[in-house]
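Next come two complexes, and both contain chain A; in the first it sits with chain B, in the second with chain C.
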Partner chain A sequence: MNVLLAILGKDLLIEWRRRDRLVAMSVFAVLVVLILYFAAPPNRAEGGHAHVPGLLWVAYVFATVLGLGRSFALELENEAMSGLALAPADRGWIFLGKALANVLIVMVVQLLTAFAFALAFDLDLWPIAPALAGVSVLGAIGLCSLGTLFSAMAVRTTNREVMLPLLMLPLMIPVLLGAVRATQGLFEDGAVPASALQLLLVTDGVFLIVSFLGFEYVLDD
Partner chain B sequence: MSGRGPAIEAHGLTRRFGPVVALRPLDLRVEAGTTLAVLGPNGAGKSTLLRLLAGLARPSGGTLRLADTDEDRVRRRRRIGMIGHETFLYPALTARENLVLAGRLWGVADPAARAAQLLEEQDLGAAADRPVAAFSRGMGQRVAIARALVHDPEILLLDEPFTGLDPTAADRLAERLREAHTAQRTTVLVTHDLGRAAQLADAVLVLVRGSAHEAPPDGHADATRLADQYRQIVEAASRSRSEVTA
Partner chain C sequence: MTDHTSSPWHRATAGLLFVLAALWIYLVWNAPIDRVQGVVQKILYVHPPTAFAMYLGFVLTGVGGALYLWRGDARYDRFAASSAEVGVLFAVLMLLSGPIWAKGTWGKWWSWDLRLTLTLVQFMVYVAYLLLRSFTEGSERAARFAAVYGIIGVVLIPLNYFAIDLAAGRSIHPENLGDGSLGEGMRAPFWAGVVTSLTAFAYLLVRRLEVGGLRAEAAHREAHDALGAEG
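Then we have the complex of A and B:
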């Protein structure tokens, strides 16, 4: 647990000092919202918002992929990743520290993105804000768990910018299914369907366990 | 030699990267409390050997034991302090923050106090709260040395630790390594500096293209004699390779 907290604190402190990742993710997410606004303009007719949950998650996913790509880039400087790998702890705790830092950063970006979305698509998100926040956190955990593992794998490859989305996006489909259905339920009925919530929880659990165990091997040469 | 048995023992240790053999089957025994210098030209497999010993890479073949036990990788890492080619430091953090982080990762009881002590020992007290990004190579190397010592390890694995150090800092590190030797710490020192190797090592291993070659019988030798022996070994290895190729 000490290792988790040490890595989490280190990543957040570096992000606070540099802010490059957070700014890049936020600007990118807002640009995606802008593009979606023109590509699929808001439709005020009944049922005209049916596609909005999907669009919202498209913006979340793209911004997350961008941010996760940078997550291990900072570990390449001075070969700090080897310094982490030497630590006498189960490397799963290093993974959890990195993943939790990623989740927190993604949550900030999700908040800004949701605000931009509400403005662009003329949505009143206040009534469903707490539940939407919960769904967003569950989605962020799913995206960042496997995403952190793949980011560590991709960072030492020559085409890391391409490798991460190629590895990550196909496996994110269950998270997206659960998150979009849950958000859709919130938009339409003000409640999260149980099946969507179960899918999110199960996917998060499986991804966290697989990544925790797999990380031991990812840091080796 | 201390007579306490081997601190590091390897049999047939091998490392391949795809078709490239970085380290050919190597038998190695480093007695506890002694210093082994690993010499060799660039690309000889010295750093690969060090990373295998540190547990940063998995061997493609052979066995590796530390301190005559088959302990797990986590416990093995606790015994090791390493200085690599790079400093392992985060440029955005200060020297103190880097050392406190290392102390927390290694479960040091009071990381802040330990960091302060090591910074003073490395004569970095005045620069302790500056980001490492602003440090010269030599200053960064001194922080890296402090980082490797943060948990007072039994085994030191050092890859070119004198790189970038000014003469005073290099002498201080050499003194520190002599103290480690007196304190019965085991050290594996990869270096191109034959003078330092002659000063510090109890035994010498020469690697050429991934193969271990007969080392001079004793360390603490005269630097000139060691340099002559080293040259002969490398030339002989190159000749035998040319003959095989021909």
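Then we have the complex of A and C:
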């Protein structure tokens, strides 16, 4: 548990001092929103907003992939990765510390993206803000759990930037389906469908367990 | 040095495959033409059998990966990598044969239903698996990463199934291709297709394992020679 807090504190402190990841992710997410608006403008007719929840999650996912790529890249400096691998601690806790730091950073980016999205697509998100925040956090946990594990792998490959999305995206289908359906429910009738919530919770649980166990074999000194 | 090209496994699977393929072609040739779908229905004798071989390949990749992480023996890693490669090959065959049949009977190449989507996702996962192997430097590290990814790919099949089931529309893909749904005279060529496909899988797996073994041997010899030159 102490290891988790130490890693979490370290990653957040680095982010606070440099702020490069947060700024890059946020600017990128806003650009994605801009492009999505021009690529698929909402039409004023009935049901013209049906695709909007999907677009919001496209922006979230792209920004998350960008940010996760940096998560372990910063450990390569000064051989910090070897330090992590040699630390006399359960590697699962190291994973949880990194993943939690990523979730918190992604949450900040989600908040900014949702704001930009509401402005661009002329949406009133205030009434559903708490529920949307809940769904976004559940989605962020799903994305960042397996994402953190794959980030540790991708950073050791020759095609780092390409490898992470290739590894991540095919396995993110359950998170995305759950999150998009939940958001769609919120947009349409202000409530999250139980099946979507269940899917998100189950997926988060499974992803966390799998990544916690798998991380043992991913760090090398 | 052992002669890999004439291993008993290789000869046995090759001989069996030759006999089975001949029998299968004969049975498919003589199978009745479907009254509604016409001759395109004969893809039934190719399409599901390649799907079975594909899923077998992916499950064996996970099993090989788990054994590698447990035992640390490079042979298990070669087994996992070979299974993934042959599995992807069968996946391509299935993804090519499926749309041809679909266009002939449903009138469209693709349908986003549960089984098609799940298979496409699994295919993408294992293509990523092969890319991960080729982009990772160091054979031990590549083996370890690939094992973790291969296991996750298999473990998440039920979750993907559950998720896509929730989202997919009503399926137009036949639900069960068991004995019951097969018409008169279709059973023998269908099962011959399944056995032939699985034998072809075994044959290719054996061949691929032999290549993997030879490569490892060559790498070993190279390392040995390099050390000898230094000394």
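Convention: the second predicted complex is superposed on the first by the 220 of 221 C-alpha atoms of A that agree within 3 Å, B and C clash if a C-alpha of one lies under 4 Å from a C-alpha of the other, contacts with A are read in each partner's own complex, and residues count from 1 in each chain.
Quick note on the criterion: a contact is a pair of C-beta atoms (placed from the backbone, for glycine too) under 8 Å apart; a residue touches a chain by one contact, two chains touch by 3 or more.
The model shown is predicted, which means the values in this text are computed figures rather than measured ones.
In the superposed model, A:Lys10 makes contact with chain B only, not with chain C.
When both complexes are overlaid on chain A, the residue A:Asn2 reaches chain B alone and has no touch with chain C.
Applying the stated contact rule after C-alpha superposition, one finds that A:Asn159 touches chain C and leaves chain B untouched. Once the two complexes are overlaid on the shared chain, A:Asp220 sits against chain B and chain C alike. After overlaying the two complexes on the shared chain, residue contacts for A:Glu79 are found with chain B alone; chain C is out of touch.
By the touch criterion defined above, A:Pro88 lies against chain B but remains apart from chain C after alignment on the C-alpha atoms of chain A. Of the two partner chains placed around the shared chain by superposition, chain C is the only one that A:Leu146 touches, whereas chain B remains out of contact. For the contact definition in use here, the residues of chain A common to its chain B contact set and its chain C contact set are 220.
Contact residues on chain B toward chain A in their complex (touch as defined above): 51, 54-58, 74-75, 77-78, 80, 82, 84-93, 97, 101-102, 104-107, 132, 140, 147. Here chain A touches chain B in the complex through residues 2-3, 5-6, 10, 13-14, 17-18, 74, 77-80, 82-90, 219-221, going by the rule given at the top.
The touching residues of chain A, counted against chain C in their complex, run 146, 149-150, 153, 156-159, 163, 166-167, 169-171, 173-174, 177-178, 181, 195-196, 199, 202-203, 206, 210, 214, 217-218, 220. By the touch criterion given at the top, residues 69, 121, 124-125, 128, 131-132, 135-137, 141, 144-145, 147-149, 151-153, 155-156, 159-160, 162-164, 166-167 of chain C touch chain A in their complex.
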